[in-house]
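Okay, here's the structure, questions in a sec.
In this document, chain identifiers A, B, C and D correspond to the written order of the chains, with residue numbering beginning at 1 in each.
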Amino acid sequence: MAWLWQWHNAGLSWLPFLGMVIGAIVVLLIGLGVVTYEIYFERKVLGWMQGRIGPNRVGPLGLFQSFADILKLLIKEDVVPEKADRSLFLLAPVIAFIPSFMVLAVIPFSRTHVFTANLSIGALYYLALSAITIHGVMLGGWASNNKYALIGGMRSAAQMLSYEIPLGLSLVGVVLMAGSLNLNDIVSAQRTWWFVIPQILGFLVFLVAATAELNRTPFDLPEAESELVAGYHVEYTGFRFAFFMLTEYLYLFAMAGLAATLFLGGWLGPWLPGWLWFAIKVAAFIFFQFWLRATMPRLRVDQLMSFSWKVLLPVALLNLVITAVVKAWV
Amino acid sequence: MRTMALLDEANQVRTEEMLLNVGPQHPSTHGVFRLLVKISGETILDADPVIGYLHRGTEKLAEDLQYTQIIPYTDRLDYLAAMLNNYAFCHAVEEALDIQVPERAEYLRVILMEMQRIASHLLFIGTYLLDLGAMSPFLYVFQERERIVQLFNEISGARLTYNFMRIGGVKYDAPPGWLDKVRAFVPFMREKIKMYDSLITGNEIFLDRTRGVGVYDAETALAYGMSGINLRSTGFDWDLRRKKPYSIYDRFDFAVPLGQHGDCFDRYYLHLLEMGESLKIVEQALEQIPDTGPVLGKVPRLIRIPAGEYYSGIEGARGELGFFIVSDGKDKPYRLKIRKPSFVNLQLLPRLLRGQNMANLIAILGAVDIVLGEVDA
Amino acid sequence: MFGFLKGMSVTLSQLPKKKVTLQYPDVRPEWPERFRGVHRFIPELCINCNQCARICPTDCISLGGERDANKKMRIDTFDINFDICILCDLCTEVCPTEAILMSDTFEMAAETRDSFYLDMNWLYENQLRYEQNHPERVQAATAGDDA
Amino acid sequence: MSEEQPQRPAAPTKAARGQEAGGKAAAGAASAAGRAANKQPPAPDPRVLAAREQAERLSQAVVEQFGPEAVLESGAAHHKPMLRIVRERWLDAVDYLRTHPDWRLNYVECMAGTDYADRIEVVLFVQSTELGHFVCLKTQTPRDEAWLPSLVPAHPGVNWEEREIYDLLGVDFRGHPDLRRIMLDDDFVGHPLRKDYSVWAETERPLVDGQRP
């Protein structure tokens, strides 16, 4: 069967095309499965850290809780506010969702990366596509015709744009070290040591910027519940709301995958199969995000901006300069 | 939506003001409280609190109730510190009648009141941190509060609306073993206070959000009639337990923690410190409490207050909680006025909010520590 | 600078701790003896003194009765409107014969307001339920009366 | 306080409280005796006497500044000195006492309005945080066309209290910056804390749109 997935060095004919379609569907299903259990995992971890037991009613240990939630969202009435900008309102979740799924295409899940593309500009591709989601979020906030949603959408746009820059710069260090933008090559370049060690500064910047990009605590201002009720998706219900949720958690997965790939050696690791190593690293990153959420209060919007421009950006640049100098002289 | 920037002739960005209606149903208004905020971008130009959504006319209702019957209504004012409300009312009536309360009852009252203060402060810390975006403290505080509430449940039979104090004493004596449970609670709570200190106080984001936010000075606070922690956070030493000792507070050794800057952080930290002081009082009261004795003084069955006007205030969980009773000699008050600390403290809010960032709104409102049941009465 | 790390260690240390969740409908809370749930009522003890109805701050108790053949007061109707009852316990405090008491029944959700008007029969059934659930408490109470 | 005997009898406690609360130095020593004397109604409580005496001095301070017609009555409200001021001088007198070097009544603890059959009375319990005085100031207004000068210029903290009194008792506070209903909705008719208010009468009265009764 493996020949079906070797599309990246064959010309486009119907067989590889079929492979692509099947691959996309498989990745989508993996993504959905991961999201389902991400949410379950999040609720369990938060529950445990807070003296609770988390979901436990639907299925054994509450394992089917997320399915029940998704089912509930899907069969709920789809409300479009009368005063909303209807077409944009309907379009926004889709715009937000599609890139979040597309970025999964370049993440090498395992040694053979059977379902994913071996793109030579993988890192750049990720950054470029993830930026599109901002439009969906902003349009959603705008089209809802709700003040809270608007503020949420605006905050979201400002935040994601500001943090995209340190995020990109922190990647550049890794790219310099690996000498390639191809995520597979970057993984291969980490055979001696994981880039988290030489690139510790870059990793810290990446960690903060990634948290902000994901709109997660302490950077969850766009959906600050206590201030903006729910932020940009306050007017969304049913499966449109589910799309926003899906986007968020898919990005969490993708970002965890990116972090694992760039800094933690991707699927590299002794004894265990590659995909398992990858899964462990992704899970560790995701757990860290949940742990943060259990501990941290939220930043204020002006502090958020100044933190990005005044702290993260200089540190990322410094890291870049150091990496370049070391790379040139050593 | 005409809130986006419009371009005028000089091609300068002009923004339009927007009226944002925070509440009546909003996650961080802690009840049904509405705040009309005029904002430009995210800067607050003006704020107008609208209250009364929970107005039940307690003062009017009380005019038709006998003094004993009013006690359950006081439970429902500040429902997070019902013991203190109970006491404040009973104390006012006792002052008016010059009733002597038995020793054991006084000690039980003090233990209960200080435990209630801890429970109320705990909830403040939890909700305040929840407002600022940290969700774990909210769930932690409920675990400790649950222990207090369980103790209250054992002694009074209710978890929230205790109706436990009586004019001239308390309703029941403590059940056997109850005082030992309180004794065991004190060191447990000390540990927990330490835990909160390390969980919250050092967090840089929390400090950034609260330091220097919502600052006012002692003069302003006094002019606006603020009381409790809201006043003490400015460094002004005013605790009624010290300044006008009621009950038996003059027998205990405790400190009155004071703030320095009058900002939200001081208000948070004073809540934490006061819990420690309350524990000290509980500890001393447990040592001094007589082993036996009556818990209800000699009170006539039907209480009639001689005609006149009576006011007495106590240090509630949120500030000075006072009851003003006008009596015409009958068994029902002619007029009952409640001096509601949250109500008075809330007045400063518009002034504090002007010129602030939207996100500070939550930090400032949360630190004022209001309970809508009390604000609206 | 890294004060938040202390907080992170606190949250992590909570992870393996014993959880406090009560699996409510399966595991029921243990209420202390003084718990003030819905009233229970023992008709034989009632002497129609009307004190409970008078002390009630919300006027939710209404009762009526007549003298029977032995010139003894007998209760005919005793209704509590739990729509407005605030479970303040003042009625049980004034009751001279302990005919009205509090039980540990606390679940009262119903679909109509009418279901909150509970009559003597319901309240007596509640007493029987209480006796069944807490025989030791009822025994202790009667023993205390004798002593 | 704390070094005192924990188990001492309660009566001196009360006495100590009296001393601190209102500067009633004389009351302290005589209090225990006063309590014993309480059984015989004619003997006046020394705490009341001290309060009356303090009220007299307070009255002198106000009279010196505003003339004798400014003060209607001085006496004691329970154990607290009480001074009844005419409504025309209400704001001036309260403001004067706020800054008066001997009194410095700078902290409002409670403000309440009461409807009597013939008048509406507004009570202000003020505290001096420096000197420890605690007094009760009163003023009154006829029930019809009730108005009083607003105290907001002197004590901004009574803003909402005055709104509440306006709302529930219908007293118009002149000079108040923002006199609106506070507890009830804006189109509510009537003032519930007035003794002649009836819930049932309200339905018969026509609702005047946008106009306050």
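Just so it is clear, a contact is a pair of C-beta atoms (placed from the backbone, for glycine too) under 8 Å apart; a residue touches a chain by one contact, two chains touch by 3 or more.
All values derive from a computational prediction rather than experimental measurement.
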Check: What is the chain whose Cα centre is as far as it gets from that of chain D?
Finding: A
Next item on the list: Sort the chain pairs by how many C-beta pairs are in contact and tell me the top one.
Entry: B-D
Margin query: As a quick test, compute the distance in whole Å between the mean CA positions of chain C and chain D.
Written below: 42
Checklist line | Cα-centroid distance, chain B relative to chain D, in whole angstrom | finding: 23
Next item on the list: Could you tell me the distance, in whole angstrom, between the mean C-alpha positions of chain A and chain D?
Entry: 63
Check: Multi-chain contacts in chain A: which residues touch at least two other chains?
Finding: 49-52, 294-296
Next item on the list: Give the residues of chain B that touch two or more other chains, as numbers and ranges in rising order.
Entry: 136, 140, 143, 199, 203, 205
Notebook entry, point to check: Touching two or more other chains, which residues of chain D qualify?
Noted result: none
Item checked: Contact pairs between chains, per stated definition -> A-B, A-C, B-C, B-D
Next item on the list: Note which residues of chain B are touching chain D in the complex, please.
Entry: 51-52, 55, 57, 59-60, 95-96, 98, 100, 103, 106, 222-226, 236, 238, 243-246, 248, 250-253, 284, 288, 308-311, 313, 320, 322, 324, 326, 334-335, 337, 339, 343-344, 346-347, 376-377
Margin query: Under the definition above, what is the set of chain D residues touching chain B in their complex?
Written below: 1-2, 4, 6-7, 10, 13, 16-17, 20-21, 35, 38, 77-78, 80, 82, 106-110, 112-115, 123, 125, 129, 134, 136, 155-161, 168, 181-185, 192-193
Next item on the list: In the complex, go through chain A and note every residue touching chain B.
Entry: 46, 49-52, 142, 145, 147-148, 150-151, 217-218, 220-221, 224-227, 229, 293-303
Next item on the list: Write out the stretch or stretches of chain B touching chain C in their complex.
Entry: 65-66, 68-73, 75-76, 136, 140, 143, 146, 150, 153-158, 161, 163, 171-172, 175, 195, 198-205, 207
Checklist line | Interfacial residue positions of chain A with respect to chain C in the complex | finding: 45, 47-53, 56, 291-292, 294-296
